[in-house]
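First up is the structure itself, then whatever we jot down about it.
Note that the chains are named A, B, C, D, E, F and G in the order they appear, and that numbering of residues resets to 1 at the start of each chain.
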Amino acid sequence: MKPLEVIHSSLEKRILVELRGGREYRGILEGYDHPHLNLILRNAEEIIEGEKKRELEKVIVRGDNIVYILPP
Amino acid sequence: MKPLEVIHSSLEKRILVELRGGREYRGILEGYDHPHLNLILRNAEEIIEGEKKRELEKVIVRGDNIVYILPP
Amino acid sequence: MKPLEVIHSSLEKRILVELRGGREYRGILEGYDHPHLNLILRNAEEIIEGEKKRELEKVIVRGDNIVYILPP
Amino acid sequence: MKPLEVIHSSLEKRILVELRGGREYRGILEGYDHPHLNLILRNAEEIIEGEKKRELEKVIVRGDNIVYILPP
Amino acid sequence: MKPLEVIHSSLEKRILVELRGGREYRGILEGYDHPHLNLILRNAEEIIEGEKKRELEKVIVRGDNIVYILPP
Amino acid sequence: MKPLEVIHSSLEKRILVELRGGREYRGILEGYDHPHLNLILRNAEEIIEGEKKRELEKVIVRGDNIVYILPP
Amino acid sequence: MKPLEVIHSSLEKRILVELRGGREYRGILEGYDHPHLNLILRNAEEIIEGEKKRELEKVIVRGDNIVYILPP
């Protein structure tokens, strides 16, 4: 299985995205692009160093900053 | 949906752009390019570590530095 | 032997992935892509500065952040 | 409108360029290239952390380091 | 002579690889790829800031992080 | 005018090159390449945080590290 | 003159290579590649923050980390 397939099969499901600098975004994966791995999350939460900071109705996360993705 | 489509459908609407280093720009998306994701914001505000610093009539944000975008 | 062949022959086996910033992920390699070297690990553990932090059922690690991989 | 068009229409006008590391350059845009976004400024001022440091008759700023550009 | 030829002629011989952040890996070069310069080392030692940390039966070092290589 | 034309017309003239990390090199531009913007300076001075450190008969500066160039 | 020509004409002569992070390598240039600018030095010395650390019979320096090169 390819990483992209796992991402594709996560569409419309809740994932967690960890960015550089201790930021996490949890939300429903609404879309992504290839090969940049930019992601769209819906009903998302921003968690900075373990603390919930903001609720984000929709957020486009730039792929460059992603460290890892936890699929559903 | 692709991230680019969300950006495209945000044209002429208010978005928030978070850059590396704790900078935020909020303004009306006037344009963008692909694949760099350089953005033009109008009637923008610069917010550094939560504090409003400047009003910017128009600003071109380089895509390289973007961490995430909040569409309208 | 090429690095990619070693990775390929590690499929379905337990590997360790060291990322920048002192993070380690140990788990069963479920997939990878080329040339980005994004990896899918299953039944994984996150170890930060030598301490086990989390169990992760499945994780997609972005290749950009990898320092080294220990095959099984 | 594309970011490049805004830059093009700023030729021979005063712009501000913010670089990584808190440096600003203000001057008349004399030229640029694409896609690097290297810029030539004339009659420029270098401002580091809010303080004017130097007057620069002409400066070529490397696009890589640009965070944002304020058009006239 | 090209750097790649030196690497090629180091196959099955003991080399030292210095990575960013003061990490060294010494081991027998089992393979490499081009142009990424990812390397496979066998019977390797990890040395962090001059101290031996771990023995690694096999390690794939990502080329991106390499500062220099000492051939045998 | 393009940045490259300014650089080209600076050949055999004294320029200043600012690199990341507060380093300056001043010298006569003997050559350059494109698109990397590697530069050759002759009769150069290295200035680190405002202090002259070394005289360099000839130096090749890698374009990657350049922040800006002051043409003559 | 192009930077590459200066490097080519430095073959079998003593050069100094400055890397990011205050490291210097001095040695006889035995080879290089293009466009990466990876270099092979022979009979080299490693100098870290002005102090000689090691003698290196042969070293392959990755071009990515080079700040400048002093030709002979």
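Here is the rule we use: a residue touches a chain if its C-beta (ideal position, glycine included) is under 8 Å from a C-beta of that chain, and two chains touch if they have at least 3 such contacts.
Predicted, not measured: the structure shown is a model, and the values here were computed from it.
Asks: Shared touching chains for chain B and chain F?
Replies: D
Asks: Which integer distance in Å separates the CA centroid of chain D from that of chain F?
Replies: Distance between chain centres: 19 Å.
Asks: How many angstrom lie between the CA centroids of chain C and chain F, rounded to a whole number?
Replies: 42
Asks: Mind checking the centre-to-centre distance between chain A and chain E? Centres are C-alpha means, answer in whole Å.
Replies: Centres of chain A and chain E (C-alpha means) sit 34 Å apart.
Asks: Going by the touch rule set out above, which residues of chain G reach two or more other chains?
Replies: In chain G, 64 touch at least two other chains.
Asks: How would you write out the ring of chains in order, opening with chain F and then chain G?
Replies: So, from chain F then chain G onward, the ring reads F, G, E, C, A, B, D.
Asks: Looking at the complex, which residues from chain B come into contact with chain D?
Replies: 19, 21, 23, 25, 30-33, 36, 38-40, 56-62, 64-65
Asks: Quick one: in the complex, what on chain D touches chain B?
Replies: Contacts found on chain D: 1-7, 20, 35, 37, 63-64, 66-71.
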